[in-house]
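This report refers to the structure that appears directly beneath it.
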Amino acid sequence: MTRLTRRYKFSASHRLHSAAMSDEENSELYGKCNNPFGHGHNYVLEVTVRGPVNAESGRVVGIGKLDAYVEREVIRHFDHKDMNRDVPDFVDLVPTTENLSVIVEKRLRRDWSSSFGTASLDAVRVQETKRNLFELRDL
Amino acid sequence: MTRLTRRYKFSASHRLHSAAMSDEENSELYGKCNNPFGHGHNYVLEVTVRGPVNAESGRVVGIGKLDAYVEREVIRHFDHKDMNRDVPDFVDLVPTTENLSVIVEKRLRRDWSSSFGTASLDAVRVQETKRNLFELRDL
Amino acid sequence: MTRLTRRYKFSASHRLHSAAMSDEENSELYGKCNNPFGHGHNYVLEVTVRGPVNAESGRVVGIGKLDAYVEREVIRHFDHKDMNRDVPDFVDLVPTTENLSVIVEKRLRRDWSSSFGTASLDAVRVQETKRNLFELRDL
Amino acid sequence: MTRLTRRYKFSASHRLHSAAMSDEENSELYGKCNNPFGHGHNYVLEVTVRGPVNAESGRVVGIGKLDAYVEREVIRHFDHKDMNRDVPDFVDLVPTTENLSVIVEKRLRRDWSSSFGTASLDAVRVQETKRNLFELRDL
Amino acid sequence: MTRLTRRYKFSASHRLHSAAMSDEENSELYGKCNNPFGHGHNYVLEVTVRGPVNAESGRVVGIGKLDAYVEREVIRHFDHKDMNRDVPDFVDLVPTTENLSVIVEKRLRRDWSSSFGTASLDAVRVQETKRNLFELRDL
Amino acid sequence: MTRLTRRYKFSASHRLHSAAMSDEENSELYGKCNNPFGHGHNYVLEVTVRGPVNAESGRVVGIGKLDAYVEREVIRHFDHKDMNRDVPDFVDLVPTTENLSVIVEKRLRRDWSSSFGTASLDAVRVQETKRNLFELRDL
């Protein structure tokens, strides 16, 4: 069993504001991220796949196939978008990077097993800035 | 004469759309950056100061003084902001990173000489992503 | 359950010399790090927190709260310090980065549960240079 | 127990082509990596060692000893080499980075326990480019 | 006048061997890079364009147009190639990164002025590894 | 004419304190860098050489020769050292990175022309942290 991690990038904007809290609470919790007009980041997405190495091909999964899948399920929906207004998943959900990583993982799981067979989705990591990294991991 | 380069970061969003062009022209020129709701980046700003090394202090400029100046003139106006709506310089100007670097340099020049005397502002660089860097340089 | 990793930096100096070994043994084991007057590094500290995402706030922990805690318990005691002479933990302990990561984790655990409730301290990593990384992890 | 990760670099070339597949299949699976004359990468190898911190030395393993071992078992055989023609392990094995990480781990395990006693080889990671990382991990 | 720097990547292999020198001289001058079967690198190419910012578009050049030009003139000829055998420019020229940067600049200059008008090609930089950078600059 | 930049690393400690100023002035100017016992950094040194590409060898200078020169003139005197106490150049000079870059350049110039002939020393850059870069450049 080996793990392959593949790295993708996208740029997006968001505003952190929870309807369940008062303006003061929002401002205290989210700080500058609560600014009314939003701001943005260069996100880095890492997808880790775990599985046996195929004896003929020497691969865990085909890289081209993985790239096409991640592009179709995730990147095209987030890249150069305003997450609050362009991504339906965030209609009722604050687009913190915690929630973003949950949403990205859910989207990647949808057709995973029919696409990649025995190779499992092992971890999803989303880096918001060099200081903030969020990870969902199978264990 | 030596050059000191100091690096700052800010996160902001923008939308590229020029009122002087048709929708088709905007879409062709700016591609995904023309998306109606905007998107964002982690910007890196590098400020280069050129001057003699002070014999007593061993410094070209005081780092703390430079940081306070850049924070006051630039960072606080751009960090965690939507440039199209939060920054008045972009009311009639498309917030491309070319224009952003011109605006940043203009803001830094305003009180430069009264603040830093013989040390000159040598170059301003703004990195939008790891693939895009814009520079204004004195020569 | 998700994991949030937050990255901090500090610069410090140290000298590696064990009172339990001869000068020759020290020199052989620690090499240039045994130099009598010490040397220094830009350390990178990564703190990983594991917990459920709060449904209202979309956060595992408040970032501002975490930053203040790490600053108070660790950074202010190590940043711009000589670990052998400024940090009491190293009076009888060689400040290798292995020991530094043990000490940092111990300091972070002290008031962790009273400060962060159900969110657990999952991993502590200290990077000494780009070639050397030390990790303490819960599993 | 702590984990020490040490990072090494080597530059090598390879061509991905499997004798078990037709030319069309090779071209479809490996894409540009199937180019007849090969191409190359700057590889990064990370070796993670897990063990108790020695009370006298403050180390998990001697860094100099680890470096000499990795150099002798791995680096000198791969650095500035063409893996298809210079490395005997790849006579019948496609030098994908999956297989490369399996081979590197096998070579590191060979004399590990006689060299490092209670400190175990915890993980081996090979990065081919900033977008591709392969890991073998003990758990 | 501003400068835009755009960054591209390609992976290629090469062998350094000069027909004008003896085997001993080749080995002494090029070291491991003289290995008979070659080795490879992840190259980074930076292209710097200098010009006025267009008042309407806010751009020095169209990014999409620049990318297509660099892809057509350079990247497709070098990416995933063996420079000694796949790139005709190196039939009689040792593919050192000095020569590579000269060749890349020559290829970029060919149709530059008919493609980009008043925006000039200001600098070409090729990074072979993090330790080696080569630059051709107009001044 | 092309420019070759080669990158070196060293780790060292220093304390910023000027005998020409009062304790208060020292503390205000140097901030935490004035801490009595010093602190340290992982420094990055970049050396840029400018010259014609030799037609036979395809090189500006021999890389091995340059490395040996920089090691002998600079690295061995600074790596794993306390600059205030181990490096005689700083007996009467505050080891700011401005002064460090001046000293490094002076040391590199000493035997430069007898060692490298027509290839000139074009620039010396010293990076103290990712936020601070100092450069001496010929122009």
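As written, the chains take the letters A, B, C, D, E and F, and residue 1 is the first residue of each chain.
Keep this in mind: a residue touches a chain if its C-beta (ideal position, glycine included) is under 8 Å from a C-beta of that chain, and two chains touch if they have at least 3 such contacts.
Because the structure is a prediction, the values reported are computed rather than measured.
Engineer: Count how many hops through touching chains it takes, at the least, to reach chain F starting from chain C.
Structural biologist: 1
Engineer: Identify the chains adjacent to both chain B and chain C in the sense defined at the top.
Structural biologist: For chain B paired with chain C, the chains in contact with each are A, F, in label order.
Engineer: Looking at the contacts, which chains touch chain B and chain F alike?
Structural biologist: Looking at chain F and chain B together, the chains touching each of them are E.
Engineer: Looking at chain A with chain D, do both copies bring the same residues to the contact (over half shared) or different ones?
Structural biologist: different
Engineer: Report which interface contains more C-beta contacts, comparing B-E against A-B.
Structural biologist: A-B
Engineer: Which chain is most remote from chain C in terms of Cα centres?
Structural biologist: Following the centroid criterion, the farthest chain would be E.
Engineer: Would you mind pulling out the distance in Å between where the CA atoms of chain C average out and where those of chain E do?
Structural biologist: Between these chains, centre-to-centre, one finds 42 Å.
Engineer: Quick check: how many Å separate the C-alpha centres of chain D and chain F?
Structural biologist: Chain centroid spacing, chain D to chain F, equals 34 Å.
Engineer: What whole-number Å value describes the gap between the mean CA coordinates of chain A and chain C?
Structural biologist: Here the centre of chain C sits 28 Å away from the centre of chain A.
Engineer: Where does chain A touch two or more other chains at once, residue-wise?
Structural biologist: 130, 139
Engineer: Give the pairs of chains that touch; include all such pairs.
Structural biologist: Those chain pairs satisfying the definition are A-B, A-C, A-D, B-E, B-F, C-D, C-F, D-E, E-F.
Engineer: Within the complex, which stretch of chain E touches chain D?
Structural biologist: Against chain D, chain E makes touches at 9, 11-14, 32-33, 35, 37-42, 79-82, 85-86, 129-130.
Engineer: What does chain D use to touch chain A in their complex?
Structural biologist: By the definition above, chain D touches chain A via 16, 18, 20-21, 29, 31, 93-96, 98-99, 101-102, 130-137, 139.
Engineer: Chain E touches which residues of chain F in the complex?
Structural biologist: Contacts found on chain F: 1-8, 53, 56-60, 62-64, 139.
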